[in-house]
Amino acid sequence: MAKVLEVRDLHVSFKTYNGEVQAVRGVSFDVNKGETVAVVGESGCGKSVTSQTIMRLLPSPPSMIKSGEIMFDGKDLTKLDEKQLEKIRGAEIAMIFQDPMTSLNPTMTVGGQITEGLMKHQKMSKEEAKKKAIEMLRLVGIPSPESRISQYPHQFSGGMRQRAMIAIALSCAPKLLIADEPTTALDVTIQAQIIDLMKELQEKVGTSIILITHDLGVVADIADRVVVMYAGKVVESGSLDEVFYQPKHPYTWGLLASMPRLDQSSDQDLQPIPGSPPNLLNPPKGCPFAARCKYAMKICTQEMPETSDVSSTHRVACWLQHPMAPKVEPPAMAVGGE
Amino acid sequence: MLRYTLKRLGYMVVTLWVIITATFVMMKMLPGDPLKSEKVPPEVRAQILKQYGLDQPLPVQYVKYLGNVVQGDLGKSLSFDGRSVTDMILEGFGPSAFIGIQGLLFGTVIGLILGSVSALKRGSLIDNASTFFAVLGVSIPNFVMAALLSYYVGVVWGILPPGLWESYEYSILPSLALSFPVIAQISRYTRTEMVEVLDQDYMKTAKAKGLERSAIIIRHALRNALIPAVTILGPLAINIITGSLVVEQIFAIPGMGELFVTSVINNDYTLIMGVTIFYSVLIVGVIFLVDLLYGVIDPRIRLSGAKE
Amino acid sequence: MSASKNLTPELFQPAMIADSAKNQLARERVGFWKDAWRRYCSNKGALIGLIIIIAIGLLAFIAPAVSSYDYQTQNVKIQNKESFYGDHIFGTDKFGRDLWTRTWYGAKISLLIAFLAAFLDLVIGVTFGGISGYFGGRVDMILQRIIEILYSIPNLIVVILLMLIFEPGIVPIAVAMAVAGWVPMARVVRAQMLKLKSQEFVLAARTLGASHGRILTKHMIPNVMGPIIIAVTFAIPTAIFFEAFLSFIGLGIRPPEASLGVLLSEGADVFQLFPYQLFWPAVVISLIMLSFNLIGDGLRDALDPRMRK
């Protein structure tokens, strides 16, 4: 399969008054053509920073890419200057943000916000762009787009705004769409509609998607592959089935156990993961999850485990994979109730 | 939008009526009387009172005055040989309006540039300098600024005329003096708003579309930052009108300010009332216009018809 | 795994992770006012402003009393003498009066007017805003309509009209300014009252059995006081400016009395010949306004609980 994006050993830090916060510490993953990769993890695990670094949206300072590369279309995105990036943003890689209420400019018509990208990247005239914008709004399921196009975001409902955001993002038919928690701020019924829309459009346009989320329900619905992040690192990655049905990392077990399931009997309680992620100002030298891990061993607090291959697609960074480690069975909650 | 406009208009009319009535009542309470000197014989005094309609009962005077004001007739001056107050005001209004509007223009343009640049280059030398300047601008009374400008630029360095009203050059220093507090306030406000807008999510959306930085700032940031800045234009215009009262004195400009001060010294109360009412109309009108302008540039108000 | 050579089975024994690090409150508890004061002091501008105001205040009340001249005695032999003439630090004016004494005496009068005006502002504003906010409902609605109309009447017009009737003096000027300027204060107070009346933390405190005294001192006062103190601080420089403005157009303090406005007005008459007569009062009034603005900014940062980190 053709790789659209390759992220290799990415390190991103923020300079703050208190010191350097190491938000992303050596993240690697690939995105193939036409597939959806979900990046999951708790708030503050570095998933948003990773996605915004791919787009190079983070202002520098305070952010800085310490090392690593992001290969897209034969180019290393970390090495490009602003002018070159402007040609890629919106045209080749597009992005949808979490809160559709604040992600649209309140003083510009929805149409204007769709056409400006088209006019810039596809050199369309105003009329052509407008036609295309109407077409895009129709595509994302907004009724009577001819009149909607001259309305302002405050006249749209939350779900419609997110549809408009998707229309903006897909208007130039990008090779890669990054959706950063696209459903978190929406009602549950609207969430499902938006996910269905993304699935449908992906088939039509053939875009690859990176979906950033902490909602495992959404992941199960749309993702082909899953990348689990914790404290700025990838702890486990693999196909949807591998991560959901043969999870290897205790953190992934914890995530799965804390998710409600349809096949779960009603007297079973959800199990939250105790504790909170480590402070990335001074990350622990061992495994960052050790302090919250039921199965932690001495080695875990002293040395970071290396990534090992479970299968050709399934990789995990945990000392439990080491031959010297005791055999541990994942809790039943985590692997579903077969 | 129509309802919004009508509501504002209603407030404006009520406000002006309150002011005219209050002015009238206070003038009647005034201790000084221009005709009460010994030199005026009683029969002449009675005749003059009759001529000005001052012998009639107060309610009649009030209704008559109100009617005249609505038609733009502010009565006759008591100290300038019965000249029409309206004419005198219109004569003085020209120079005042010129330096005032020019001052507002100077101040707004310079303030916007300083404020935006400060916000875009936070923590830079220019940011610190303009922050310092903004604090100075609100702290030095504009008539002190006027005197300093007139003395240094006008007298010591001789770059521009230090006073009087003859040609365009004569308007520059007074306008500059008036513009200082405006620059200070606008730059301060623009900076705050701009910093806030730059942090908004939609700025990220704009950047993610691949727009150039200049397009992002002009199309997305500036407009959103300017909308709140428009609200302070009203108070600033009032600030300029107030300031012009004294700045005109310093530059010896034959404008409204001079007219007002002479009217106070002479106890010429038809003139005082006239000028006061004229100023009120001006200020209330400016506030009304700013409210409308705010509605026009902010679609959230234009379309829903209500603030907040 | 490449690093496996140094690994021993012992390392793979279960580790005891201490629970102590969990649920620890990082922040040391500090009282509201102490915390506010600490934040105020960390603002250099605000601290400098406070020091300047204290210095000017002391000079204004002490300098005229200990000076060997008084503010109104004229001396035709030493008219319009430059600054630092003999022991006349600021020089003398056209009547040979000592400008040092006059400037500080004038500053005292201006400060008295400003503080009185701000105090009256506070009294009227708190009463009106308090009633409006406390009773709410119809009373509030009527009072709000009144405020809306008063708010669009320009301060300048009100002050000028009142000053035409009043005899000029410290109290009448302060009263006129308070009458014209109390509306913003009333708005601040009302907004605070309305906000606090229904706030969850007040209800929560009550539910938890806190006494009225405790709710008042721990929850209400810190939240109401902040915005009011800030509004008062900004009312003072405005009053100083208005006093100067009124005296300048001949409606304020009348010579031979002195205030900063009178001095500026007298100085402006002769500034092309004797600029120092304008310069000193101008410096003093600018420093006062500058300092109050800096103090106000500092207080806003220190007292606004939303800014609390």
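As written, the chain order gives the labels A, B and C, with residue 1 at the start of each chain.
As a convention for this text, a contact is a pair of C-beta atoms (placed from the backbone, for glycine too) under 8 Å apart; a residue touches a chain by one contact, two chains touch by 3 or more.
The chain lineup, named per UniProt: A = Oligopeptide transport system ATP-binding protein; B, C = Oligopeptide transport system permease protein.
For clarity, every value in this text was computed on a predicted model and none was experimentally measured.
*Asks:* Show which chains lie in contact with subunit B and also with subunit C.
*Replies:* Common contact partners of subunit B and subunit C, which must touch each of the two, are A.
*Asks:* Using CA atoms only, can you tell me which chain is the most central one in this structure?
*Replies:* C
*Asks:* Of all the other chains, whose mean CA position lies farthest from subunit A?
*Replies:* For subunit A, the chain whose C-alpha mean is farthest off is B.
*Asks:* Which pair wins on C-beta contacts, A-B or A-C?
*Replies:* Between the chain pairs A-B and A-C, A-B carries more contacts.
*Asks:* Indicate the whole-number Å distance between the mean C-alpha point of subunit B and the mean C-alpha point of subunit C.
*Replies:* 25
*Asks:* Indicate the whole-number Å distance between the mean C-alpha point of subunit A and the mean C-alpha point of subunit B.
*Replies:* Distance between chain centres: 54 Å.
*Asks:* State, to the nearest whole Å, the distance from the C-alpha centre of subunit A to the C-alpha centre of subunit C.
*Replies:* Spacing between the chain centres: roughly 50 Å.
*Asks:* Going by the contact rule set out above, which residues of subunit B touch subunit C in the complex?
*Replies:* Listed in rising order, the residues are 11-12, 14-15, 18-19, 22-23, 26-27, 29-31, 135-136, 138-141, 143-144, 147-148, 150-151, 155, 162, 238, 241-242, 245-246, 249-250, 257, 260-261, 264-265, 272, 276, 279-280, 283-284, 287.
*Asks:* Which residues of subunit C touch subunit A in their complex?
*Replies:* Where subunit C meets subunit A, its residues are 1-4, 7, 9-15, 17, 21-22.
*Asks:* Quick one: in the complex, what on subunit A touches subunit C?
*Replies:* Touching subunit C from subunit A are residues 274-275, 290-293, 295-303, 306, 308, 319, 322, 324-326.
*Asks:* Mind pulling up the subunit C residues that touch subunit B in the complex?
*Replies:* Of all residues in subunit C, those touching subunit B are 45, 148-149, 152-154, 156-157, 160-162, 164-165, 237, 241, 244-245, 248-251, 264, 267-268, 271-272, 275, 278, 282, 285-286, 289-290, 293-294.
*Asks:* Quick one: which bits of subunit B touch subunit A in the complex? Just the residue numbers, please.
*Replies:* Within the complex, subunit B contacts subunit A at residues 200-202, 204-213, 215, 219-220, 223-224, 227, 297-300, 303-304.
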